Amino acid sequence: MAVDIDGLTRLFHTKNPPAFGRSSLRPEVVALDAVSLQVDQGEIHGLLGPNGAGKTTLVKILATILLPTSGTARVMGHDVVSDTAAVRPLIGIVLGGERGLYNRLTARQNLRYWAALYKLEPKAGWARVDELLRRVGLEGRADERVQSYSRGMRQRLHLARGLVNDPPVLFLDEPSTGMDPVAARELRVIVTELAAEGRTVFLTTHDMAEAEALCNRVTLIDHGRLLATETPRQLSTMLSRFERIECEGAADGVIKAVGALRGVSTVTSKGVSTRIEVDTEGVVAEVMRHLVSSGVTSVRVTRPSLEEVYLSLIGERGMDV
Amino acid sequence: MRIFGWAALNGFRETLGAVYTVQSWVLGLCLRMVAQVAFFASLGRLLGSQADVEFLLIGNAVMVAASSAFTVTVATVGERDSGTLPLLVASTTSPLIVLMGRGASFVPNGLLTSLGALLVMAPLYNVALPWARFPALLGMLVLVTVSTYMAATFLGGFVLRAPSTRRTVANVARLAMMAFCGVSVPLAVYPEGIQWVAQVLPLTHGLDAIRELFGEAEMGAVLSDAGLEALVGAGWMVASLATFRLLADAGRRDGSIVFSSV
Amino acid sequence: MRGLRGAIRLQLQIVRADRGYLNEILANPFFAIIFLGVVRASGRNDLTSFAIVAPVLMTLWAMGLEISGNIVDSDRHLGILEEVVATPTPFGTVVCGRVLTVTMLSAVAVAETWFVARVGFGVDVTIEHPEVFVATLLVTGLAMTGTALVMAGAFVLAGGARTFQNTMNYPIYLLAGVLVPISFLPQWLRPVGRLIFLSWSADLLRDSLRAAPATDVWLRLGAIILLGTIGFAIGLLVLTLILRRVRELGTIGHT
């Protein structure tokens, strides 16, 4: 097993004590609540959840940057708290974003620095840096200052940085944030290649489509708690179960007729917009055929948001238009 | 004038609010400035001459006030950073007046610290303060600070064209004044060329006047040196006004007056 | 160590890219001019060594103060700190390497001061005891590195460096007798000055420029080494504790 998490909990104390009353009851944010998870070697595992769900906290603990409050986590068999020296050479971290790079230096200079910190021999390290720059497509601009880079380029540089020490385990925190679709697509290709090389990739995202496209398994997390671990296929099933059709300009008669179709669960109208929810697979096509043949031209199929999938998992109904 | 006052008030509020907390202001400035004066005054003790002690103490205490004037050189870029400079340039008031107003909030700081340094350090180093002519001393301190301020504003205009150099320019200017305006080193030590340049720099004549006050020289001598200092200050003010509009115009032409600096 | 070399290389690149520490390097000749000018005016040419030594030590200290104030802060601000922590190289090594680089750069002050004395004042500075001079410089540089480490830790704990950076120059120069020897300080202040390695460095450097034989050299060098090592040890300890605390509290990476 590449990653073995058992009962991992992380509490954060809020900065300021309460204005009134004694602060014996320290206000706490539960970022992670007894999380248990296993990731196999060579697996691409996705951690899916909305912002604030605890994804980044989990990644930071696994990356030995943050200490857990309780519970254990092992990476490649080594405890992340007591055996950090063994863990660190084995992992690559891509936290991404605008920060994390020396802006006034070039990409090459940045990477060479990390190569040194990861204790690579100068010659081998520099060769590796060149190779990585090629791999992420930055070799053409490797000797320009990072401050001139676009968000997508920075993200690619972050990825290169995460690969500097050739790690068997890679942690990617929201890697395609801020990337245009083309760049995001390229990223997915690279991630797939990395897994094909035998690496374990643990990535966090709030993009369901991405999780579905890339991962062998996806774990759903919300408010620090794991909800479920599914394969993308199962996710797909869940999604299609909650697909909905939204249309505009449909006459009342048409709406009534659609509502009477089998498999249609709810029809909600607001002004000129109508939303039709289905609870059986395969009904979507029929509904759409009906709408289009009735002359409704503004039709689209939407997938539920992450929030709605969660809420349904916790057993509540979806939300209004 | 109203605009000057308004800008100064603005500058005050920002200064007090953002730059200093009361504690850090008291601790940082006072301790450091007083130590600076003591540092140079004690050099006089090393030289073994009370005359030197007095020379060094007066020069460096007054320098404290002059130093504070250089914040305006840095402040011009602050204006640029906050994006208000283009708005100033576009306004009908001379941007110079507004900028001078904003930097002005630092001046009382410098004056007070300078005065404080004199009052505290002089007795410690056995230097007699000219109590009888105290108002004149105060007046001279103000004059010296204002004339330095004019020169610093002049520099501030140039610094607008190359904002990343502002701190360096302010530092070098301040150090040059420390070296060549008779603060610690009597001008006679330097070659003639430098001595001539020093004549048109702020502080040089003002220091002469102040030292004359301490030495209980004739008021006539004091007044003539004060007059020269005022003349120098006025000259720099004219230079500032002249070049500032030119620089603003040039900046407008080549687009270097942007809404934020790199 | 590869990490150390990487840190040194990085710092050199940063200095070049930022044109950093320019202020200190530019200030040095001015101080040399001022001190030499004062000596010249007073006719006390026996005090030339004082005028030479002071600017060098002032620049060394000022640069050390600046790097220690910047180093942890700017990495934290840039979000790089947590990435550094996650590497196999100890954080202390990285900080040491970068601080050491800046300390060594301050050797430029020696050349500048020599130049000003020679070209500006026609003073030929003869180093009567070159071994003492060089040894003192080296050991002083290392002591500065150790002290900068403590300062870096202290600045992080204090939540900022600006105020202290502005305060810790002239008072230190005064206490440590960088220009005017400690013997001119009131009795009760002298032990405080002796705790600052600069005081020993100043005395030794001045002695190395004078014809008279330098006394107790090993003892005094030892004092500098001791003070530097203590600074080093405390600094590493403080930084380690800070890192541990930050890993616990989770404020690493947050501004």
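What to note about this one:
Letters A, B and C name the chains as they come in the text, with residue numbers starting at 1 for each one.
Criterion: a contact is a pair of C-beta atoms (placed from the backbone, for glycine too) under 8 Å apart; a residue touches a chain by one contact, two chains touch by 3 or more.
Since we're looking at a predicted model, the values are computed, not measured.
Taken as a contact graph, with one node per protein chain and an edge wherever two chains touch, the assembly forms an open path, each chain linked only to its neighbours along a line. Here the chain at the heart of the structure, going by C-alpha means, is C.
One inter-chain figure worth recording: chain A and chain C are separated by 47 Å, centre to centre, where each centre is the mean of the chain's CA atoms. We define each chain's centre as the mean of its Cα atoms; on that basis chain B and chain C are separated by 29 Å. For the pair chain A and chain B, the distance between mean C-alpha positions equals 57 Å.
Residues of chain C found to touch two or more other chains are absent.
Put simply, chain B touches chain C in their complex at residues 24, 27-29, 31-32, 35-36, 38-39, 42-43, 45-49, 52, 56, 167-168, 171-172, 175-176, 178-179, 183-186, 188-190. Across the complex, chain B is touched by residues 22-23, 26-27, 30-31, 33-35, 37-42, 44, 47, 50, 163-164, 166-167, 169-171, 173-174, 179-181, 184 of chain C. Per the touch definition, chain A reaches chain C in the complex via residues 10, 12-13, 57, 60, 63-67, 85, 88-89, 91, 93, 95, 97, 99-105, 109, 112-122, 125, 145, 161. Across the complex, chain A is touched by residues 2-3, 5-7, 9-10, 13-14, 17-18, 78-80, 82-89, 94, 247-250, 252-253 of chain C.
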